Amino acid sequence: MAYALQQLINGITLGMIYGLIAVGYTMVYGIIGMINFAHGDIFMIGAFLSLISLLGLASLGITAVPIALALTLLFAAALAALYGWTVERIAYRPLRGSFRLAPLISAIGMSITLQNFVQVSQGARVKPMDALIPGGFQIMESDGFAVRLSGMQIMISITTIIILAIFTWLVTQTPLGRRMRACEQDLRMASLLGIDTDRTISITFVIGAALAAVAGLLFLLYYGVIDFFIGFIAGVKAFTAAVLGGIGSLPGAVLGGLLIGLIEVFWSAYFSVEYKDVAAFSILIVALIFLPSGILGRAEVEKV
Amino acid sequence: MLSVTALTMRFGGLKAVDDVSFEARAGDITAVIGPNGAGKTTVFNCITGFYRPSEGGIALTHASGAHFPLDRMPGYRIASRGKVARTFQNIRLFAGMTVLENLLVAQHNPLMRASGFTLAAVLGLGTFRAAERHGMEKARQWLDRIGLLDRANDLAGALPYGAQRRLEIARAMCIDPVLLCLDEPAAGLNPRETEALNELLKSIQGDGCSLLLIEHDMGVVMRISDHIVVLDHGKKIADGTPAEVRADPAVIAAYLGEGDEDEEAA
Amino acid sequence: MKHALRDAGLSALIALGLFTPLIGLVTESGDHGLELRARPIAVVVVVSLVFLGRLLMLTRAARIAVPTLAGPSPAMLRAGRAVAPMLLVFAVLLPFGGSRYYVDLATLVLTYIMLGWGLNVVVGLAGLLDLGYVAFYAVGAYSYALIAEHFSLGFWTCLPLAGILAAFWGVLLGFPVLRLRGDYLAIVTLAFGEIIRIVLINWVSLTHGPNGITGIPRPTLFGLAFSMDGGEGTFAGFFNIEPETIQRVIFLYYVILGLALLTNWFTLRLRRTPLGRAWEALREDETACRSLGINVTNTKLTAFAIGAMFGGFAGAFFATRQAFISPESFTFIESATVLAIVVLGGLGSQLGVALAAIIMVGGLELLRSFLSFLADQMGSELFAGIANELPLYRMLVFGVALVVVMVLRPRGMVSTRTPTATLAPLGGSA
């Protein structure tokens, strides 16, 4: 019982990270109808940027954890946003009217480029980091198993909730959010009504990238080790989360993220750790075949 | 021979088509008209298998007596078994392939059968070669009929707009349909091309093929249709001969201000 | 000009933002864990390149755009038609002129060419984006290795079996997923490729896990083995010559050459059949195909299965050539490499795919060995360093090339397409 509760806590924590990444996927898919294959690698870049920022701040003597983290968050989010913007401008915008496969292949190319760019410039080895937020507390104990809620886990949950709250406010209450939703509904119509669709799409990418960077920072703090390949696996899982929750639906992305996180953790705990990725990938295949519009999504009708 | 019964199509909360019933008789040119958003293309898509109707039935009966419940058949079967062909509102040619290839692709099924599911084709056996020649001949005849024989080896995407429209019709005809459905075939055509279109459609009718068309150009509709169905806001508001429909007050009300300039004496 | 300068300046500024942290500050293992090392020169170099590159692009934009959009000239087309036979002759004669190094390299290139031709059926002809092609390569390799191990069957018997098994998996995977639209299909095939790799690593009882399978038998020439003892029943013994490893190497080279040519012939024939035409029509417009009565799902499945089959053949060859396989050889990077070859060569173009493989796989390797050679000759640290780093840069170049080609020339290097049937102007058809 206690063991299960611990897995629940771990799963939700992991799920929050996936949820942050999944929101980026679902936003981009909603607005321009394509999977941003490079999004997972933006997450990875966010993690690296966070690492560099923390190391840099430490070497400058700024070691107070809250300040360092806040500065790092801003730094990583801002630069990752720049990456997201650049990727869209270079690899996707020129191909918007092109034949079906072109933006997909370009996205894959971008993903490969980002992964290998980091590999070449930062080295292929894993990058470890000391835990910044130690401690936590024991919630309960039963059957000789102590359920712990670590400080890191609390921080992840709080950060994610705050960020998502800001983001939801942004999408539902601001004019920008309205523009984004209009573009998501009908891009051509929105443009005919005078909305700068190019700009809105860019902003979508930027916000998605920033969220992914936050996820990257949290991932770095939680697991303490990153490498240039984490974007690949996390990307597929986060995309699975977006599909599971209903592609195009923002609450769906978060819900999907939590589900995937829980499934991954429970599978590792009760079945086998080696096949945990297989479990996540299989869910993707199963979800797309049997539940293509996801849990909270709308059925997509093809316009002929 | 095509009977649509109580057809209803819902998208989420919106009823695009609401309890529409009509019949298209064999050998007729039946036109479906109505203001924009009336649900015409939705009806079309239901008939040709691109949407599954929420309610109602669509049945097609061939002269041979063969019966096809179109609302329950997968799209490609409607074309291959039911022999219902269609063209699209936004032309969907195989732009990167040549004009000739477009027509050959349409004959895919008979050619596939003759090719022994490709094995005979790969090995270059005689039966397949004969079938290919036959296919080319049919393509050539259609190219001649629509006046594109000299452009057979050009890319379909490079043709002018009017030619592309004619090619799409010819391609649809290459599946030997009993019913040809046309989605706004006259859109974007100048008067001379529209005249040529009328002749082409009439000659297709003369061959024994029935036609079902959506059209906004009243000149075309009134000139060639035998039977008109009028939709508005998803419901059928009129059904009859061109003369009857033209005089129908409900139709005039729905079209208030539209179409008067286009109407010509039949 | 002023406008171009401003734009280039802006690009340089963005590049500065992008590259300062990741290129400028390197995380390295130090005494107390990770440390940052500054590399300002690298940043300056890259940012300057971006500035100059953008400036060039903007001021010569008109002149660059014209050749890329106009496509190859008639002279180029005529030259192009001569390339294929020339390559073929070169390929056949290669072993007689080159050293073992070149034969090995050519064997590697041919393996990629065959993989490229196989994937070309799926991506290039039918337009189905398969990101997990390596899965079929792996199935072919492991099928051969395991069947040979458990049933003691030779290469030539197992080769068709490997292909059939791979095709079977192609159908199995394809059946539920081929009706998904492009993006979804891509990511599902990617996931499948990864699943296969993880299973290969972890199902130790079947696949020997990360240690791989060793001692995979080599093919024989009409029953003559290429063993080194030169006795009865061996190649050397039969021809009464000294046994040397080069003989086996050359034999394997001709095996892959034969397999690749078979793939090519088969694909070219298929293109001219209704099935091949349907594939290309599918790529152009799936909805229109459906409206013409084509069973889109079956057509896609056939493309998938045939592509998988060739991947399986290539996998079996790979296993026999190395006599050892492990899951490490079957990563996403392989799928991405083959995809890059197909895309850069021009979707659907056989010659383009071959050229792309030659340039990208063969070319880079030749470049690396040339730089190593220079490094040795000149005692240069710089060249040696670059030569060592080159494999690392390979994937980076691939990724960038994919993006650049898509943006500038979506149809790839060889962008003209030969129609599958032509109509003669008067009387009679082609």
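Going by the order they are written in, the chains are A, B and C; count residues from 1 in each one.
Throughout what follows, contacts are C-beta pairs under 8 Å (C-beta built on N, C-alpha and C of every residue); 3 or more make two chains touch, one makes a residue touch a chain.
The structure presented is a predicted model; accordingly, all values stated were derived computationally and were not measured.
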Most heavily contacting chain pair (counted by C-beta pairs in contact): A-C
Centroid comparison with subunit A (C-alpha atoms), farthest chain: B
Centre-of-Cα separation between subunit C and subunit A, whole angstrom: 31
Whole-Å gap separating subunit A and subunit B, where each centre is the average of the chain's CA atoms: 46
Geometric centre distance via CA averages, subunit C-subunit B, whole Å: 43
Residues of subunit B touching at least two other chains: 50, 88
Shared interface positions of subunit C, touching two or more other chains: 287
Two or more partner chains touched - positions in subunit A: 302, 304
Touching residues on subunit A, where the partner in the complex is subunit C: 29, 34-35, 37, 45, 48-49, 51-53, 55-56, 59, 79, 82-83, 86, 90-91, 94-95, 98-106, 108-125, 127-130, 232-233, 236, 239, 243, 272, 274-275, 277-278, 281-282, 284-285, 288-289, 292, 302, 304
Interface residues, subunit B side, partner subunit C - complex: 48-50, 75-77, 79-81, 85-86, 88, 92-98, 100-101, 104-109, 111-112, 115, 118, 121-122, 124, 132-133, 136-137, 139-140, 143, 149-150, 152-153, 171-172, 175
Touch list for subunit C against partner subunit B, complex: 266, 269-270, 272-275, 277-278, 280-281, 283-285, 287-296, 417, 419-423, 425, 429
Contacting residues of subunit C [partner subunit A, same complex]: 14, 17-18, 21-23, 25-29, 33-36, 123, 127, 129, 131, 176-177, 180, 182-184, 186-188, 190-192, 194-195, 198-199, 201-202, 287, 332, 336, 339-340, 343, 347, 389, 392-393, 395-396, 398-403, 406-407, 410
